[in-house]
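Some structures to go through are shown next.
Shared chain: chain A. Partners: chain B in the first complex, chain C in the second.
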Partner chain A sequence: MTETRKIIEREVLMNGTQAVANAAMYADVDVVAAYPIRPYTEVMDTISKLIADGELDAEFIVAEGEHGQFETVKHASLVGARTLVGSSGVGWLYAMEAIVVTATDRAPVVAIIGNRALDDPGAYGVEHNDAMMVRDVGWLLAWVDTAQEAFDTTLIAYRVGEDPRVLVPVGISMDGGFLTHSEQIVRLPPKELVKDFLPPYNRGKYLVHPDNPITVAPQVNEDWVMEIRRQHDEAVERARGVIVEAYESFKKVFGRYPGSTSEIEMPENPFVEPFMIDDAEIVLIGMGTVSKPMKVAIKKMRNQGYKVGMLRIRWFRPFPTQDVIKYLSQAKVVCVIDRDYSIGSPNRGGVIYHEIRSSLYDLDQRPKVLNFIGGLGGREITIQDVEKIIKIGYEHRDTPITKPVYWVGVRGDPW
Partner chain B sequence: MKTEDEVKYVEIVYRGIFQKRLAKYIAEGIVYTAREMGKPALSFGRYGDSPERNGVPAKYYVGIGNGIGEEDLIGYSTRVEPDLVDVIVVLDDTLLKGVESWAWQGVQPINLKLKANGTMIVTSTKRMDELVKMVPKKDFEWTFGVIKTEPSFSGLWAFKDDLTMEKVWGAIAKLRPDIIDIDHLVKYVSKKQSSDKRISAVKEAFSSVDYRTIRKGEGIDFIYNPPRLLTWQEMLEGTVVPAVPRGKRNEQFKRGTTKFERPTVDFDTCIKCKLCWIYCPDECFDETPDGYYDIAYDYCVGCGICAEVCPVKDCIVMVDESMFTDYRRPYEMWKENKVKYKEWLKEVRNARKERVYVPGLGR
Partner chain C sequence: MVEKEIEEKVYKSIVKTIKDAPLEEFYTSGHRTCQGCESALVMRFLAKAAGPRTIVIGATGCMYVANTTYYTTSWIVPWVHTQLGGSGAAALGTAAALRALMRKGKIKQEPINVIAFCGDLGCADMGLSGVSNAMTYNYNLVIVLYDNESSANTDIQETSMTPYGAQTSFSRPGKQRRIMKVRWKKSVVPMIIAGHRNVKYAATMTPAYPLDSINKFRKALAIGGPTFIHSLDPCPKGWDYDPKFSHELGVLAVETGIWPLYEYINGEIVYNEPTKSIIEGRIKRKPVKEYLEKQGRFSHFTEEDVEYFQKMVDEMYEEWEIPAVMPIKSVNVKISDK
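So, the complex of A and B:
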């Protein structure tokens, strides 16, 4: 445990998008590229207001579409600018070519993904498949569940992504509606403390500048690609240690662990949030705001004698394999809630389900894993849904799994 | 304790885009005041159709913990909308006719989610007895409050700082001190922006809000049948729905509650040019056997395009929606008694417009 300082923070009501914009202002970003799409849009609305109000001095570039938007920050980042960008759903996918190359060219752009369905007309509610589209191409990916965590994680994203050992872009996902459009009290630390946490962005020998003549992304053909990928993989692995350092430093500088509010204490693990997990026979897994109804349901079911706990994934890339093993190896049944889908995949399960099963595979004694696909397109996963999930998990303590995947509350299937 | 006792909810029903900021700021003030009172509180904006579109009914919510902590409050409130609400604030009296804020859910009564003994507050220049005639009945007693003021409409994206915010807070403090009380409210307002006119607006609304108990069963019949949505096995594949048969309209998605003005037609001057029929983006016009164009008002969103394109001066004129209590079609009224219709037309067209002027809306 690191020692904490007494710091007076301002408490301000803001939603997830406003929290991110304010964090970008604290980080003193240089270039913001914007193009509107719900539910991310209020990030750019808030940034433009901060600029107009004189609170932030940054280039605000409204692009002609998402592809140009992400190209803009990629190039700005390579010439040494700290950048903010973001999108949602198919907007994010429209920029995919630029997004992939941003990672390959190792530009530590910070992108906010207001998670949104892909892209049934009018459905702008949360679904995690948009952000998942980059899970394999070398972005760091975090999922936050409160406005406070959105603020804190944005500051951390700059520190981790820009670290010379990493130089990788960071995507911060927040649930459309449930977080982008929901206001909670956020603690804002004194702005002058940020310099103690976040050093200036310095690309060193990778800065594109007349005094440092380099070429980024020359013709590589088949000769270089394997090595480029190998380096990239190593950088994302190095990010683990850098993330741990960043969270410790955050606590030292700001006097609280990232994600903690005056009323919510965040356990000291950057990668996962364990909750009531010590003696849990049933462990629920989820990402994003589903954690909140999960916690209420877990407390209720604990009162009825169910030994149940939760592990919320905070960082999805790099994936917290060791933490998953540590926290899940004693459980009897793991219930993974996926707000995403992977149609045609093994067992027809969701993305996190597969990652969890894969992480546990090498254990001699491993828990059973059930999968619950739900909350797609912004549908609620209610406290009652979670209670049902816990009961299904409980039934499988001593019985084999015959049906590994359930769809939560889909019309036409029993639930 | 039941869930509905652990969190108290305030629902703010507003018209996008004109009142979006207003609704958000009202919610914010309630959150901060409740927190002054030592209770956890949060707010969230929800909508079906985009609240950036003119007139679309949308909602803002405030959740206030009652003996629970911040995290549980967030847990209960990670919802599309709460099941029941303690207070409903209606920022435009024409919304009392019902709202269609969620696509495919049909037109819902304004007080659908009101808890037993709940409170509904509306901003209006109309009298209490006129407004009571517009509210749907409930099978319990509830309180109806009226803040005498013009509905606050701003232009696109802007916020019209006309003290509506302070008035709404003051009225809630009067009728629901369990949500926010006047002492903490005044403390919050003074802290936020110490200005006498803001504090007196709060106090003025607190002492002057008109209210009365609405008895069980009092009010109009408003039949709301929630739609049965199809199962995945029943739905057509590939996001396909059958076309609405010729001559019919989609019963479940009317969008007529979007309007705060409606077009009135002077059939005596109509030259039957058909432009209204061609241009109406929502296909609200029906050709009559004698070649006029009648309007399906429950589908009209009040965009004003018909009034813009109609080549005859004063043939189609947009009129404030608060002049009408139903969606009766104009052609039928005209046929019934042409002289009376003309008089009536003159009367409603002369009535004062209470809402914002937006260029391109047919006036």
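So, the complex of A and C:
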């Protein structure tokens, strides 16, 4: 006999960072390391208050810099503590050495990245290049779109990262300002259900403890490093299946698909969010909150007869190659909106653009791919911008691409 | 006076003679340190002093490269690598995690020693802010600075701890300039004790005095809280001498007054071994020349350089407020009634 239970969720108004902090509290984290940099900081403001109020029992370390911040959680994680950490922009880069070894030491810490432009020149608005710095070093990376998704993905991050088949750190990226600082209704499930979804963190034979005297990260040089890199790559690959399991389990335990609420309907695919894509000739691709103007513009343009849809990437690592192929192979033109750039790259485009093009390369009949770099440093990508992108994409249905990369709304550059 | 509780802890922890030291080794065969390596002895003493309920964290440095080669690790206790500048934060993270996990009943409640060691480049230069931060928290951890006065795993490069005038691959004497290393060595222990109020124990040591060294580790672990030990480790490769003289050089560094042995216990400075006799005037310091002339790294020194070196060391003992520890002097300030 299956028991059906009525799940009563609490509705709370909170922004993306607060949602992550609350999820970490639900996950009963043991060690939190903080160091301020906007716009991620509020996650730590919230956590410290939760600890002060006795809602969370955890050690709260204020580090001396981001490098120390990430070293602290790495070592806490290796001795079996569930940890939360995070940063933004150049702070994230200052910690990069520690961030890389967190992955190579297979410490499943969860980090929030409030995406921010890189200095110089100083800017605190969103740009995805900070988080992109770890795309090649073995972190799992998710880009969330709403505070609800931030909350749900944080719980999933602990479940996936700490899975013995994975043991890899997870980064939850969110658009600085647009999501870190905008308040939305978040549905909080009953806390007692969390233990049904999230088992305790158990490092097993990799635990650092006097009862288990192992040596972590000895020097290996050419003797073993290739095998270790390969194992790491295989763990990230295994994460695909574990992510699917986690999303299904989430739905089973909490009664709704991660990211979705009664107001937000979320297609049941952990890796991508397709929108009006079934018959679309033009498909827009983006990550994070850019989906908002995209969705509005798509609805508007659909009324004018444009066959346009959207694919939002939710998990950037592991990259959803199969989903990209599945949803894009029938499209005529793919317009990738990058909130990042890869200066000096092939075609001088953005990072997602190159990943998408690479994913589609082996198809016999592949769509044309256009790239739009926009919204850097926190500049808004407006509905009008997206409409223009759709029109440019539409023009290229039957004409060859002469200009593959556009910069959206740069002064003095008629795009 | 040292507080009674701390006094008791210290008394209980010390080993009276070297024969009373535990026989068990927790840093044992399998390392590939150079012949005559004194830093290897530091590792051995700290592991012996700490015993099996210990987690050791090692920052990048010659003791990482030489000791912890996959399949030949010399550590019997759990050992974790941390990045060059990460020892303070790593110790903090480990100690914080143990406290949280024990409090929340996720692991068994018991005292586990957390020891992080780092070389002079990693600790005194790059990792200093992290070490300092660890010293401001009230977790039980020991940070050990093993100081061979150079960056010894990347060849021999100058660090801020390299003594005045010494040759390294970054400070080679040339035709125009004989002395390339013109900076005077930093004093790290005074920095730690002066700047961090909840540090109850910090000390200098050198493995040439094994009993003194083992006891300093034991005291640090017994007193608890954040503690710091700075060890001077003669290095045959970097200092350029026959490996058989390692111990002799450690002794000479102390006897010439270049490396004073002292410990800071809850607000008091206690001098140890020959340094105690020197400070109390029972023996005279040997001339620094005896120490310098035995090492190839000072082979370019002229009489003038030796004199300058001697003058700087004399100053430490004759003019400093706390001889050979603190160069700060108190001034009698009259607070006016106005």
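To be clear about the criterion, the second predicted complex is superposed on the first by the 405 of 415 C-alpha atoms of A that agree within 3 Å, B and C clash if a C-alpha of one lies under 4 Å from a C-alpha of the other, contacts with A are read in each partner's own complex, and residues count from 1 in each chain.
By definition in this document, contacts are C-beta pairs under 8 Å (C-beta built on N, C-alpha and C of every residue); 3 or more make two chains touch, one makes a residue touch a chain.
Keep in mind that this is a model prediction, so the values were computed, not measured.
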Side-by-side fit of chain B and chain C on chain A, or clash: fit
Partner chain(s) touched by A:G80 [first = chain B, second = chain C, both, neither]: second
Chain B versus chain C as contact partner of A:R317, first or second or both or neither: neither
Which superposed partner A:R187 touches (first chain B, second chain C, both, neither): neither
Which of chain B and chain C A:I383 touches, first, second, both or neither: first
Which superposed partner A:R106 touches (first chain B, second chain C, both, neither): neither
Geometry of the superposed three-chain model: angle at chain A (Cα centres of chain B and chain C, steps of 10 degrees): 90
First, second, both or neither for A:G65, with chain B first and chain C second: second
Greater residue coverage of chain A in the superposed arrangement, chain B or chain C: C
Minimal inter-chain CA distance - chain C and chain B, angstrom: 17
Residues of chain A defined as touching chain B within the complex: 13, 15, 38, 120-122, 125, 146, 177-178, 181-185, 261, 263-264, 289-290, 292-296, 299, 378-380, 382-383, 410-413
Complex contacts: residues of chain B adjacent to chain A: 3, 27-28, 31-32, 35, 40, 42-46, 48-50, 69-72, 74-80, 103, 229-234, 239
Of all residues in chain C, those that touch chain A in their complex: 52-55, 57, 64-65, 68-70, 73, 75-83, 85-86, 88-94, 96-101, 103-104, 106-107, 112, 129-130, 132-133, 137
Contact footprint of chain C on chain A as seen in their complex: 28, 30-31, 33, 57-59, 61, 63-65, 67-69, 71-81, 83, 97-98, 101, 105, 200, 208-210, 212-220, 223-224
